[in-house]
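The structures considered in this document are given below.
Across the two complexes that follow, chain A remains constant while its partner is chain B and subsequently chain C.
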Partner chain A sequence: MSLFWPEGIVLLTACLVLVGDLFPRRVQPVPIALAGLGLSLLSLLVLRSGGSLAALAHNFYWFDLFSLFFKGLFLGIGLIIVMINIDYFKAQVKKNEGEFYFLFLISLLGLMIVVSSPNLLLIYLGIEIVGQSSYLLAGWQKNLRRSGEAAIKYFLFGAVASAIFLYGVSLFYGLTGSFDLSRLLVSPLLSPLYYAALIFMVLGFGFKIAMAPMQFWCPDVYEGAPIPITAYLSVGPKAAGFAVLLRFITLARADLIWLFALLAAVTMTWGNLVALRQKNIKRLLAYSSIAQAGYILIGLVSPQLGYGVVGFYLLAYALANLGIFAIVIYLSLILQSENIDDYAGFARRSPALAGALALFLFSLIGIPPLAGFVGKFLIFKAAVGSGFLWLALLGVINSVVSVYYYLNILRVIYFKPGDETAINLPAAIALAVMACLIGTIVFGLFPDLAGNFFLKI
Partner chain B sequence: MLSAVIFTPLIGVLILLFVRKDNVNLIKTLAVVFSLVPLLLLIALAAKFNFAFSGFQWQEVLPWIPALGIKYHLGVDGISLPLLILTALLSVISLIYSWIIKERTKEYFILFLLLQMGMLGVFSALDLFLFYVFWEISLVPMYFLIGVWGGARKEYAAIKFFLYTLLGSLAMLLSILVLYFNTSPHTFDLLELAKIADPRTAALVFSGFFLAFAIKVPMFPFHTWLPDAHVEAPTAGSVILAGVLLKMGAYGFIRFSLPLLPEACRFFAVPIAILAVISIVYGALVSLAQTDLKKLIAYSSVNHMGYVMLGIAAGMMSSPQLAAQSTAISGAVLQMVSHGLITGGLFLLVGVIYERTHTRQLADFGGLGAKLPVFAGIFSFFAFGSLGLPALSGFISEFLIFIGTFPIYPVLTGLSLIGVLLTAALFLVTIEKMLLGPLLPKNNLLVDVDKREIFCLGVLGVLVLLLGVYPLPLLKMMENSVAFILGGR
Partner chain C sequence: MEIIVLSLILFGIGLFGALTRKNAIAILMAIELMLNAVNLNLAYFSHNLSNISGQVFVLFIIAAAAAEAVIGLAIIINLYREFHKIDVEEITLLKW
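What follows is the complex of A and B.
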């Protein structure tokens, strides 16, 4: 049972936070959440070094390297989100802190379940846990209209996506008589229904990763949700969605690869082209995250390499994106604005933070020696290696297009004059940025560090 | 030793990060010191250079990312060493010249040192992945140098420079990957790859490299970023752009396209030679039409790099005239060094006059010869160097290129001589407009060049003269390496 420590600790922490909120003299939820997440991560590392990996309960729950990596990623993401949430919550949201952290932790637990099972029912359960809690979190700023709008939109789209996914699952069950994804391999059926089932399930997951044509919720929800939740949505559920797609691709037939190649092409092109016109930083990052999902989908065309490639890219993307969101939160706190043009002169107000932002953006563009570059390199390598040169070429063209809007942010903060009074930085945000920055640089210079421990690149 | 050369500027960056930003003099001094160390180290290496050895010297090989077969592999030969020295020298000169920078000093000098590190790495990397990393590192600081400290249209110029170069680099990245998958065992190591005969997809690989290098050189029709970037960049940025960054493209052709893809080179040699001649004539003609001094010199770079490309294109042919080919390539490398020194000097001179008059329009000058005699003397010296006056370095290198290319492309070489005539006319007219004639009344109060400027220009000038009179050591240095690259096919 020691295998369940990571999930168990998160669940326990969530309950503690909720119970602590009941007492008249409120217990502070932040230290509990941080401690719980840290402890859970620690137990995960202990498990990894112990090397006791196994499938459990009739192939119901897997403790493979794959799920360990993703669980570690989610816990890391959780820690950073809590850190960057502290000051934002105090200044902007204020109310119902205990419940907020409870839902957030439960949603993390959902993510951990999603990546650990090859069983479609359990996957669905995990998705719904993540979904329900994040619908609520997206609408947490009840006084803001757009926050409510975000929650409603997210909920409606999410419900439809769940329905589509369930429909695919029902077809799958009808054909194979099982909920087990590994039956994909042995399925002798090549009927149109088989493909319909697969496509419905992939589309259902496409919602989580903001893949075209399931990406329309993304900009509005990102814009309306509290920024730390936006940051969370842009990395957490997205990574989980990719984890399940990876399970699909390693288990499914080779002809699915063409589907992913096509989806990758459409998704990245759509995201990049629309991003060019965005003025609001959150909407820009929403379209950027759609485009990034497109790049990651390229990694799926190579099933043998897919896991390491996609895993590394997600790690690099999460580090850069969380770093950017931490800085965006800080900027919105001091400027009360999410408009990129209002960032003018920031490079002179806070050279260190501006430098960090530049490095994160360059990592997303894919400039060496940053982690994002290694990610992109691996993705292109996978595409070229499996004969998808056209997809790699399209990825290159898309990367060049994306440079324009990423560098537009730097243009404003570096080249435009603006308010230059120095300002102080909350410690928690500084720490989060620092962590992301170190990760971005270290994994860029020495990708083997991530490779040897969790991934096979 | 090479690692020390490359990473000393990075140590400088790390130290500068902790210096207070109002301590301007300390920042400047540290930057110059840390950029000087690589130069001294390289001179020490050059003194110990083994002229008889044709391979790479002072190699360093370490595993870097074993999972992907990527190595940290450095080494220099007779072609890269002169370019490394040029890079280090121009960096030091640029930093000394940049003493006048008043705005955001700390950021400026940090970026400049990063740029220097990237450039030094490009010329010493022998692993394609490592090469790509340094290639991109040298792109980013230049974007900021143009964008923050540039002229009126700096934002436009900076993004255009970045987009063009990145498109080329990513195409090169794909080529590197295709190359990687076409060899067994898979490797990124240049020396390993060079042993293997042409991969099946040579034409494809060549195109990717071609795009990256041709944009960087730049060759017609990929040159349109150059006038914007050169004109808007701060003076020292223009010096580095013209002096070093353009050379990275030509160096790429010699270091990678020639030895790795000889078949494809043969196939594409004539089209490249034609593009080179178009660059030569077109660059000179457009340059003649300019009224802005900086733009004029920028376009003259298109012309001068055209000669380099013509020499390289001659080396790409399969004709058995090895002697002519090696003359052409040696001439091309010498022209790279010489253009770096001369055009670097000319851009410094533009900076000098712009600091005083705040204009670069030729119409605002005239009669400066009498008012600023020292400036006029130095300007004439570099202008004559650029038009190819014998006894200066530009003459020798262009002469070698023409001797080498004539037996291979008689017609094209003949056509490119038009370019020589045009540049001669160009610089004579420019000298006349700027230095002779009546002095405009508003220019009455100008002061002549100061000691710092004389020092920067003097160092470059002495080298231009030295190479023009006695180029033999440099030619000897590259002789074996050039023969090795051409003989490897």
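What follows is the complex of A and C.
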């Protein structure tokens, strides 16, 4: 039973936050959420060092290293999002704080369920929990028109995507008589229906990770949603989608690999080319996250390496992206603007923060010795190792293209003259930026730290 | 076999409706149609394979679809208060 501690604590915290919302003056949801997430992360680390891994209830729920790694990643993401949300929520959103944190915690719980099961029923319920709570979170700024627009777009795309996924599931059930993904290994069927089922399911998950051709919702939702939720959507559900695709591809037969190679090529090229002409920082980061999803998809073409490569890249990407979003939140609070051109002169107002932003962007580009470099190196090496030299080359070319728009942000910050009065930084955001910065540098210099504990690189 | 074809047609109508209709509520209805195609498929396979898990899955889908409709209608009401219309073609603050 102790295996369920991480999920149990998150569920309990969510309920506490909801009940506490009945007494809004006396109970603050933020400390409860932070304490719950911290406690849950702690119990996860205890579980890991105890080494008690198991499959429960006839393969219904797995406690393997894979799910432990992803649960830890989600809890870390949750902690950072809550921290960067505090000041933004006070200044911009204001209303319904308790319900906001309740939905956020429940959606984290959904992510943890998604990665723990090879059973399609639990995977479906998990993504519905994540999806439905994030539709509401995207529209949380009810007085802002663009927030409502983001919510309706996210909802309609998401509902269609989950219906497509379910159709694939129903065909899969008809062919194998089971909802267990590990049946993929033993099914001898090679009918067109089998491929149709797999493609439908992959498309359904492509929505969560913003993979071409299911990426159209991504820029609009990212721009319209409250920024902390944008930050969450760009790392949390994305990582969960990749986790399921990883389970999928390690269990599926090898002929799916070509499909993933093709999707990776289209996704990263599309994301990078459209990102070149973006003026709004959230939109730019949306296209950048599509491009990053393309790089991660490259990692899926060599499933024999296991999940370590993709896991490490997701970790590096999450750290860098959350750091950037923390700084973007701060900038939008002091400037009331999300246009990159308005960031002029920021380097002189706060040199430390500008330096941190530069490091995060370098990590996304993949410059040594940061974590992003190690991630990209491992992924391209894996692609070459499994005979996809052209894909690795395309990835490198795409990285070079992406240098333009990432460095454009730095050009504005460092070289354009602007307001130069010094400013001070809220403690919570500073802490989040510090955590991401330390992670980015430490995992870049010593990738084995993550490797030995959770991943098998 | 006829049932599979029927559910495929139902799914196709739903998908076509979801992609071409402009009224948000009509799109919601089209999505429900797609989910019902899935339910039909699952119930048929479950009967054919004499395996109960397909029908259990159907129950879960019905419940999740109800929750989805609630959330969707809440979002649409909020949208109507802000924009005074629910035509998704005309709700275009965010583009390129």
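In this text, the second predicted complex is superposed on the first by the 453 of 457 C-alpha atoms of A that agree within 3 Å, B and C clash if a C-alpha of one lies under 4 Å from a C-alpha of the other, contacts with A are read in each partner's own complex, and residues count from 1 in each chain.
What we mean here is this: a contact is a pair of C-beta atoms (placed from the backbone, for glycine too) under 8 Å apart; a residue touches a chain by one contact, two chains touch by 3 or more.
For clarity, every value in this text was computed on a predicted model and none was experimentally measured.
Applying the stated clash criterion after superposition on chain A shows that chain B and chain C can sit side by side. Look at A:P447: by the touch rule set out above, it reaches chain B but stays clear of chain C. With both structures placed on the common chain, the touch criterion links A:S182 to neither chain B nor chain C. When both complexes are overlaid on chain A, the residue A:L166 reaches chain C alone and has no touch with chain B. In the superposition on chain A, contact of A:F415 is made with chain B only, not with chain C. For the three-chain arrangement built by superposition, the Cα-centre angle with chain A at its corner and chain B and chain C at its ends equals 140°, in steps of 10. Contacts of A:Q336 after superposition: neither chain B nor chain C is touched. When the two structures are aligned on the shared chain, A:K142 is found in touch with chain C, with no touch to chain B.
In the superposed model, A:S2 lies in contact with neither chain B nor chain C. By the document's definition of touching, neither partner reaches A:Q28: not chain B, not chain C. In the superposition on chain A, contact is made by A:Y124 with chain C only, not with chain B. With chain A used as the common frame, the shortest Cα distance separating chain B from chain C works out to 25 Å. When both complexes are aligned on chain A by C-alpha atoms, no chain A residue touches chain B in the first and chain C in the second.
Those residues of chain A that touch chain C in the complex are listed here as 121, 124-125, 128, 132, 135-136, 139, 142-143, 145-146, 148-153, 155-156, 159-160, 163-164, 166-167, 169-171, 173-174, 177-179, 219-220, 223-224. Interface residues of chain C, counted against chain A in their complex, comprise 4, 7, 11, 14-15, 18-19, 24, 27-28, 31, 34-35, 37-38, 41-42, 44-46, 48-49, 51, 53-54, 56-57, 60-61, 64, 67-68, 71-72, 74-76, 78-79, 82-83, 88, 91-96.
Within the complex, the chain A residues that touch chain B are 348, 351, 362, 365, 367-369, 373, 377, 380-381, 384-385, 389, 392-393, 396, 399-400, 403-404, 407, 411, 414-415, 446-448, 451-452, 456-457.
In the complex of the two chains, the chain B residues touching chain A come out as 21, 65-68, 104, 107, 129, 132-133, 136-137, 139-140, 143-144, 147-148, 154-155, 158-159, 162-163, 166-167, 170-171, 173-174, 177-178, 180-181.
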